[in-house]
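Next come two complexes built around chain A: one with chain B, the other with chain C.
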Partner chain A sequence: MHAFGDHKKNLSQLALAILVVALLALVPACGSDYYVSLFISIFKYTVLTVSWATFCGPTGYMSLASAAFLGSGMYVTALLGDTLPLPLIVLIGGAASLLLALVAGLASLRIRGIFFAMFTLGLSEGVKGFINWWEISKTGRQGRLVISASGTTVFYTMLIILVMALLTSYLIRRSKFGLALRSIGQEQQAAEHIGINVNAVKLITFAATSFWIGATGSIIVTQWSYVDTQVAFSVFYSFMPTVMALFGGLGNMLGWILGSVVFTILSELLLTPFPYYYMLIFGIVIVSVFLFFPSGLVGLVTRWRKA
Partner chain B sequence: MIVLEIVIGGLLTGGIYALLAAGFSLQYGVARVMNVSHGEFIMLGAMSTYSLYVALGVNPLVSLAIVGPVLFPIGFLLNKLLFQRIRKLAGSGDVFEGWSMLVSFGLLFIIQNIALLSWSADQRGYSFLAFPISLAGLRIPANRLVALAVALAIGFSFFLFLMRTSLGKAVRAAAQEETGAQLIGINIRWMHCLCFGFGASLAGLAGVLISTMFTVSPFIGLPYTIIAIIVVVLGGLGNIIGSLVGGLILGLVSSIVLHIEPSLELVSLYVLFMLILLIRPRGIFGK
Partner chain C sequence: MRICEGEGVTKYFGGLAAVIDVDFYVDQGEIVGLIGPNGAGKTTFFNLISGALAPTSGVILFKGDNITGLRPYQICRRRIARTFQLVKIFPDMTVFENVVLGSLFGSHNLRGSAQEEAMEQIRFVRLLEKKDMLARDLTVANQKRVEVARALATKPELLLLDELVAGLNPAEVDEIIALTKAIRDRGITVVMIEHVMKVIMNISDRIIVLHHGEKIAEGTPSQIASSKKVIEVYLGT
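The block that comes next holds the complex of A and B.
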């Protein structure tokens, strides 16, 4: 009876998810260009945050490599241009990012705590520096022109990537993998003793989640027309997923999504009336998150309910 | 001859690196704040020196005596009002380290944009002692020599302060063993604020020197923060003396790379940094 109830709950959750995606798919048909680009922005940060948090949330690793993954995806599109069909380019962008995550993860996932954070920050800046050097010495230019895609194309591609990223995260979390990740976060040695291949679990999750960050980079860069390393590997992309996930609540997927959506809308709302003070206010918002919402939005709601 | 050139070039860069890393090391080593906005204090020091020089004709060496004391209370209060509160909310030390990094990232935006609003995004520079001096057959810009001399003087007096004074001893004790330091009667929260203030102050002093050699803008902060992180990892996280030595070593490395392939300087530093983290995460002097 209990199992049946679970099944029923799962089914209704699935139905709700499909309904939300179907409604989102209607946005380009009903909304203006402004809303299309707003939703692209929301999708982008949600993919970044969910992918970041799927690995970093349960394990306690603080990765600042998101910019490296996103930027690599962008440069794949910039390099391949119109030589291949766009969907293929997006997949290659994801694969490039996955490859980078595999190499970096293989080297670094045994270091922990703040060292891992610094390593991944160094990785983002290092990849940026390397591509910058390559571009200037081999092509003599600092930036590249990028093929452009229509807002609608970008919107639907991002929607697909979002659904895939959420699905990846959901499947990882409810499988034995998710359990293994949580036990690594709580006590790595104990996890090893009960027979979890700690390194493989960490590496596979780190790489799998970074695939969608790379794919996102590959498609959103087509909105711009020009890209250089400063924009593509901006340190902003490394820190924001972390802030957004903590803002929503690190413990569950709903928190990650909520954090990204609220934060993206908030920054959009600030941008228009305060073009000059926008980044300043943004800084204040980030600091305030830690002062006033240390347990995240989801934690806040739970506390209200208890009170 | 080439060796001499590389060594002198390395010292010139390394002296500044050591200075800008010492402040960062102090903030992390004692207050446990991974301060990503460290470079913004360097930027503030550099931009104010520029303005003081251009608007009032204040000699940059005099600015040292203005910037250092002004930034100290700012750093002190930041730790007291912001980071100590965050530390309490974070609970455990590991969580605080991660959070402090993110909070200081927010701080980076705040400081950088206040600077942007006051100075605009333009690259600015002024000419200070921009004539060459012949030294052992090499021609070196006078401002770089002065900057090195000042950096070494500050670094050395700071070293003496740490080793010879009782306050310096307390700082080292707080960095090594927080509980133990408290047991012998050191007020640890006061120590945290003090070291954060010193860190901001040292960053500002490094900024003053940087403005005498390079053009400055509100965006120069982050690259210097990254350099500080690299130096501090090289010298051992939390090892304040190690970061002074680490700065000189990093200066030497970048001087060597500059001779071989100038455009790879920054990349080589990152590679070195990642290798150190992988091979000797406790730094080259670590156990």
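The block that comes next holds the complex of A and C.
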């Protein structure tokens, strides 16, 4: 059954995963700066998408709060500067994001569907507006200078965050919480009546998955040397995880990863030769996938294999 | 022995009274039938016991403990389970996954014992050969069996069955009657809402009649069948 896999299959999957991570760890030694930054970008979007989809995929809650979590992580780094060691700052960035998710979750997880989506969009914009107001009226500035870290440092930190985010998601999905999340998405009332503390399951998952989004924000901001609220809380970061997960296939983890990787590389490939039309081409690609392959890239591969 | 009892149980929706000042009791090992015309407040009454709704006033006791206003998952873990008038299964999960959720969360089992418990209940409702099918692909009668198995997997002492035979054909109705009796024979107390008189008269030890939210009669099937008041408001002659 879905939640309880067999051991042999698990072991070979684990071996494959370790091999992939080991190969990725070689990138900074072998590749150019361009590839290092491309991989950082891929890691960033994969963490965002996997974290988003672990909660939103099975429950059907559409969160648009990713920008709020990512931006909070960035501002933690901007505020703390060089007062603490970088790994600690990254953890604090994750914790700040988790705390925000707990508060937002307590206030909102009772509401469903479109209302939850709009609440979380409001959260992202609200946090952005609040920090903007604070900076302008209390500290008298708009943006902040940020400590910078080397590309290699950012790369390895992101690789660790990626592995942790994937592990978090994997463990949630194969535990009884994963099954409970699906039951909540399919028939919440019945889930409550068979002993599932629905609000606790939702809150814990929402908060745990947002931790790695905040940590990601804390480390990637060190690439930019300067941050303001427009960049940190860009609504783009709230919508991308949804698009990427749907693009790859909402039903399983492989789809989320595939969606993020292919999408990030595609946008990179299109941006350079077609700087003016790339959004147009992109739009056509997205629309075609959703129209003709509603189960995403994974569905496409399955169909192609069968044929 | 009283397993569940209530005093002055009342529920208002705004100005509308759905259940008014109902006193009731259920003895251990009984099958109690709950009947009444549409809109009499039967399902609301179930929602109050199972925690889906909190009563406006009144007290509900289960095995002597006050359970009034507890959340549904808390009531389930205290050993009260229910099914729904319109089936509420998890459609995109297998029969096994549906039922194992009940044992994983309702009876606090570890994974291994939860799986065993689930298999036992699936066998009990005779769905063993369909255990790997998606719940959405089953007939309504079998979906109702999934609901029963899922409720049983939480190891209830009191089971609330809401119109289990509605929409079933006569052969299926007979099977459900046998199933309900088998549940009682395992020592589980049953309260059931039912419109089909044949069923209610056949298997209830005692019947409670609701009308416009009030309890208007209570007694053995033969007492209810001959009660003038019940015949006037309900049996409609």
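Details
Rule of thumb we're sticking to: the second predicted complex is superposed on the first by the 287 of 307 C-alpha atoms of A that agree within 3 Å, B and C clash if a C-alpha of one lies under 4 Å from a C-alpha of the other, contacts with A are read in each partner's own complex, and residues count from 1 in each chain.
Throughout what follows, a residue touches a chain if its C-beta (ideal position, glycine included) is under 8 Å from a C-beta of that chain, and two chains touch if they have at least 3 such contacts.
None of these values were measured; they are calculated from a predicted model.
In the superposition on chain A, A:Arg182 makes contact with chain C only, while chain B stays out of contact range. With both structures placed on the common chain, the touch criterion links A:Ile194 to chain C but leaves chain B unconnected. Look at A:Gly283: by the touch rule set out above, it reaches chain B but stays clear of chain C. Of the two partner chains, chain B is the only one that A:Ile136 touches; chain C does not reach it. By the document's definition of touching, of the two partners only chain B reaches A:Leu291; chain C does not.
In the superposition on chain A, A:Ala17 makes contact with neither chain B nor chain C. Annotation for chain A, partner touching more residues between chain B and chain C: B.
Chain A uses no single residue to touch chain B in one structure and chain C in the other. Within the complex formed with chain C, the chain A residues making contact are 1-4, 176, 179-180, 182-183, 186-187, 189-198. Interface residues of chain C facing chain A in the complex, by the touch rule stated above, are 50-52, 71-73, 76-77, 81-82, 84, 88-94, 96-97, 100-102, 104-108, 111, 115, 132, 147, 150-151, 153-154. Residues 34, 82, 85-86, 89-90, 94, 97-99, 101-103, 105-114, 116-117, 222, 226, 229-230, 233, 237, 263-264, 266-267, 270-271, 273-274, 277-278, 281 of chain B are the ones touching chain A in the complex. On the chain A side of its complex with chain B, the touching residues are 60, 62, 107-108, 111, 113-115, 117-119, 121-123, 125-126, 129-130, 133, 136-137, 235, 239, 242-243, 246, 276-277, 279-280, 282-287, 289-291, 294.
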